[in-house]
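One chain, chain A, links the two complexes that follow: it is found with chain B in the first and with chain C in the second.
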Partner chain A sequence: MPLTVTVSTTGQAATIDLTGELDAASAPAFHDTIEQAAAAGVRELVIRAHRLTYMASAGLRSLVFARQKLGDDVRITVLGAIAPVARTIRQAGFDCSVTLVDA
Partner chain B sequence: MTALRLPAALDSLDELARYVLAFAVRAGLPPEAAYRLRLAVDELATNAVLHGYRGRDGELRITTGMDAQTAWIRLEDDAPPFDPGAARPDPHIGLPLAQRPIGGLGIHLALIALDDYQHTRTDGHNTSLLVIRRDHQADPTE
Partner chain C sequence: MSPERIDAYPTRAIAGYGVRAGNPLPFGATAVPGGINFSVYSDRATRMWLVLFRPGEAEPAAELEFPAEFRIGSVFAMTVFGLDPETVEYGFRADGPFDPAHGDRFDPSRVLTDPYARTIAGRDVWGAEPDRDRLCPYRSRLVPDDFDWGDDAPPGIPTEDLVVYELHVRGFTCHPSSGVSAPGTYAGLREKIPYLRELGVNCVELMPVFEFDEHDNPRTDPVTGEPLLDYWGYNTVGFFAPKAGYAATGRFGMQADEFKSLVKDLHTAGIEVVLDVVFNHTAEGNEQGPTLSFRGLDNATYYMLTPDGDYYNFSGTGNTVNCNHPVVRDFVLNCLRHWVAQYHVDGFRFDLAAILDRAPDGTPLANPPLLEQLAHDPVLRHCKLIAEAWDAAGLYEVGSFPSYGRFAEWNGKYRDAVRRFLKGDPATVGELATRIVGSPDLYTGRGTAASVNFVTAHDGFTLHDLVTYNDKHNEANGEAGRDGANDNHSWNCGAEGPTDDPEILRLRTRQMKNALALLLTSHGVPMLLAGDEMARTQRGNNNTYCQDNELSWLDWSLLDANAGLHRFVRSLIAFRHAHPVLRSAAHPTCGVSWHGVRAGEPDWSAGCRLLAVTFAQGDERIHLAANAHWEAHELELPAPAPGTSWHLVADTSAEPPHDINPPTAETTLAVPDRYRIGPRSTVILLARPTT
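Let's turn to the complex of A and B:
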């Protein structure tokens, strides 16, 4: 299933909606929207993951990129991730650097 | 017998995933175990494409099998020798993201997703055997 990525920016917050499957082939689209958010100088990034049905390590690398690009002061929230996606984030130890919020 | 041959390219990942998930259904794996098997196959195939073949033409060959206790996928490539289980690159789990090197996560996720993993190098081929237990299901042979 392909990945659909949409981004919206309101004030100093950006919201990225992910729908579908995030793997090495589809991750560049996610990466591009993170670049857009960083370029806009946002202070908060919300990643809506309710409809993200699969995430490989390529998605984790995008989160690393987001943190390193946006800086430590920007809050990054992953909202509504399904259980296996949230488990992958926790297994990589990323839940210390991004906030996981249930739907 | 090889059941599926795919070009060693990221564009093959979707077809590979569909194949693995269909096999997981045939093996009676619950969704959580099917997800783990798909993740492991995806990560090791991605690693072979990006770091094994490195853009060169090649193929990935996949066979599947099961017995009463386990379901397994054999993934074979012709890239230079690489044993993910022996290499185990440090994913730096304890480091905050701001200090993380980007890399090593895929193999880490693949290996912890599986119940067993073996690598062999024979006649110029890397062969990974990825195993998921299915014995929490009723034995279909009984």
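Let's turn to the complex of A and C:
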């Protein structure tokens, strides 16, 4: 299932909705929205992931990209990731870079 | 907008890919603007190809021959544009003479693993059945350098303050009792960091984590006929690549990130990471072995060869890496720098390190250039460097390893002296005395930190088995009991193997505590084998290199079953950390006094089995008495400093919880200047102000 990325911004917070599969082919679209958020100078980024069905290594790398693009003082939350995705994020140690929150 | 880089454009096309002449350094694959730079050394190859794969596909996506003009010296270098560094897999195909008598074994039918491969695809999930017919079974990959290290910094613990804990990444949490979410992985070990902190160790020494193939073992279980694995992993396939099968995320190619997360969290917990590295041989074996990488790229450079072109076998595994060849020296150095810079590891333990000081013809060198280079390298400057100072061909250099003031050594003589004393061998007191003050006979001028003291390690019996078996029981290894050491200096305390005899069981527990008490009060760096603190058994097998099962895995239920032993070890480690007198960097001289049954009268005779010593530094006084005799003795104690009296820290003849008192809760003695030491027991006293 191809990835759909939508982004909305309220004040200094941006919310990115991901639907489908985040892999090497679709990661650039995700990166584009992160760059937009970074350019807008947001203080908080929420990645709504409950409709994300699969995250490949390129998708995991996108979280690192988000952290490094936005800087350490921006809170990044991954909201509602399904269990396999959340587990992989934790095992790779990326839960130190982003905050995982259940839906 | 920054200007486009001029070197980001191809100058020609090969096999549909834009390419240009590459940079010879760094070796391996490096992401550059618009593409990837590939660089590989071969002095004798006549032609070289870069072979590209798409993940999961059996056949190559493309083969690009390096144009002759892309060769600089003996390095083939080419930048290929339009490749995704996160997904591309690759190898090299090299052509040249096949003339073993002159050292050449080129085989252009093989696609070879890049010696500098940052990760390797092909062994992503531990135990998965390999496809032997697959072209290039170990495919090279790149690693993005984007890990979020935060403020990570090396703990920088002085070597003499270390308490090392040797463990196998998979075996530490693979047992169902471990309770971790990803058993047998870096992530699983990460979940056990709180346990390590509570135990008090401040350095983990990880058995090999460089990529290897666990199926690299031709033997079968003699009972079931099932194939045995290479569980330990001393047959390296990729020196720059973390073992993917040890990563819960290996199937996503995330093993580098998972390992880095482990290191980062260990550092946060104040625990250093030392890697057991194997540069003495590779997985290619002898001339019967597979051509995977070095052999097909430049056999005569990478391996020590006899004048007839055969492989020298100083490693006991079929080949020997030609460590003091200038190209190989650079390879080893670059590899170690990579693990320090990219993975933030704190040091290395060199397997069969005596091989690292052999010349290309096998002659031991007085001033081996590789070791000198490692000792003085700026990137490695603050790393711990630890040598297993012997090899499999009889070169034994404990105490004489060329250290350049930097290398510590696994002190095999410490191990043997403690074992022989504890089992009650005659004429052992003198050597024990030398060993517990940091082996000044071996390390004059190098200090106590040169001596990594241990009683047990992965090679040999566990501590439980050391006091449970007289003989090795290695039948399960499928080698008819021929493998493994025979000179174990072990004693079963009266019955071979498991027993219900309560006297024997009590004695075994006491003997384990005796060993641990000596180890953790000796000068030098103590190293524990993981699980010894809870009496892990391998059922008498002293060489479990091929046992990927409950024989090797740590059974965490032992933590409850042997809670008293665990408490004893934890308390002893805390005691060591609390008392600098046990950790002086210099060999203690004037602060040491020796005793026997009578204070100030040590008995160095062959029949004596009792030794006592007082360590003094400033106001601190610690008295250690070890009795390997089968009878109790009434000890006369030396006078402590004025205003202080001896307090009991530990007595291995007492039952828990009276076997050890926690810090500041040491108890006064019934008679201030005497103490009855039980048969085969160890006593530790601390001088504290008299209240």
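Here, the second predicted complex is superposed on the first by the 103 of 103 C-alpha atoms of A that agree within 3 Å, B and C clash if a C-alpha of one lies under 4 Å from a C-alpha of the other, contacts with A are read in each partner's own complex, and residues count from 1 in each chain.
We adopt the following convention: contacts are C-beta pairs under 8 Å (C-beta built on N, C-alpha and C of every residue); 3 or more make two chains touch, one makes a residue touch a chain.
Here the structure is a predicted model, which is why all the values come from computation and not from measurement.
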Item to check | Fit or clash between chain C and chain B when superposed on chain A | outcome: clash
Checklist entry - So, A:Cys96: does it touch chain B (first), chain C (second), both, or neither? => result both
Next on the checklist: After the superposition on A, what does A:Glu44 contact: first (chain B), second (chain C), both or neither?
Outcome noted: neither
Checklist entry - Which holds for A:Thr88: it touches chain B only (first), chain C only (second), both, or neither? => result both
Next on the checklist: Contact-wise, after the overlay, does A:Tyr54 reach chain B, chain C, both or neither (first, second, both, neither)?
Outcome noted: first
Checklist entry - Does chain B (first) or chain C (second) touch A:Ala24, or do both, or does neither? => result both
Checklist entry - Once the shared chain is lined up, is A:Val64 touching chain B (first), chain C (second), both, or neither of them? => result both
Item to check | Part of chain C, among the options 253-261, 307-315 or 451-459, whose backbone runs into chain B after overlay | outcome: 253-261
Item to check | chain A residues contacted in one complex by chain B, in the other by chain C | outcome: 24, 56-58, 60-61, 64-65, 67-68, 72, 88, 91-94, 96-97
Item to check | List of chain A residues in touch with chain B within their complex | outcome: 1-2, 21, 23-25, 54, 56-58, 60-61, 63-65, 67-68, 71-72, 83-84, 88, 91-94, 96-98
Next on the checklist: With touch defined as at the start, can you tell me which chain B residues reach chain A in the complex?
Outcome noted: 10-11, 13-14, 17, 32, 35-36, 38-39, 42-43, 46, 49-50, 91, 93-98, 100, 102-103, 105-106, 108-109, 112
Checklist entry - How about chain C: which of its residues touch chain A in the complex? => result 84, 86-87, 144, 146-148, 150, 181-182, 185, 187, 190, 247-249, 252-254, 257-258, 260-262, 264-265
Checklist entry - In their shared complex, at which residues does chain A touch chain C? => result 24, 56-58, 60-61, 64-65, 67-68, 72, 87-88, 90-94, 96-97
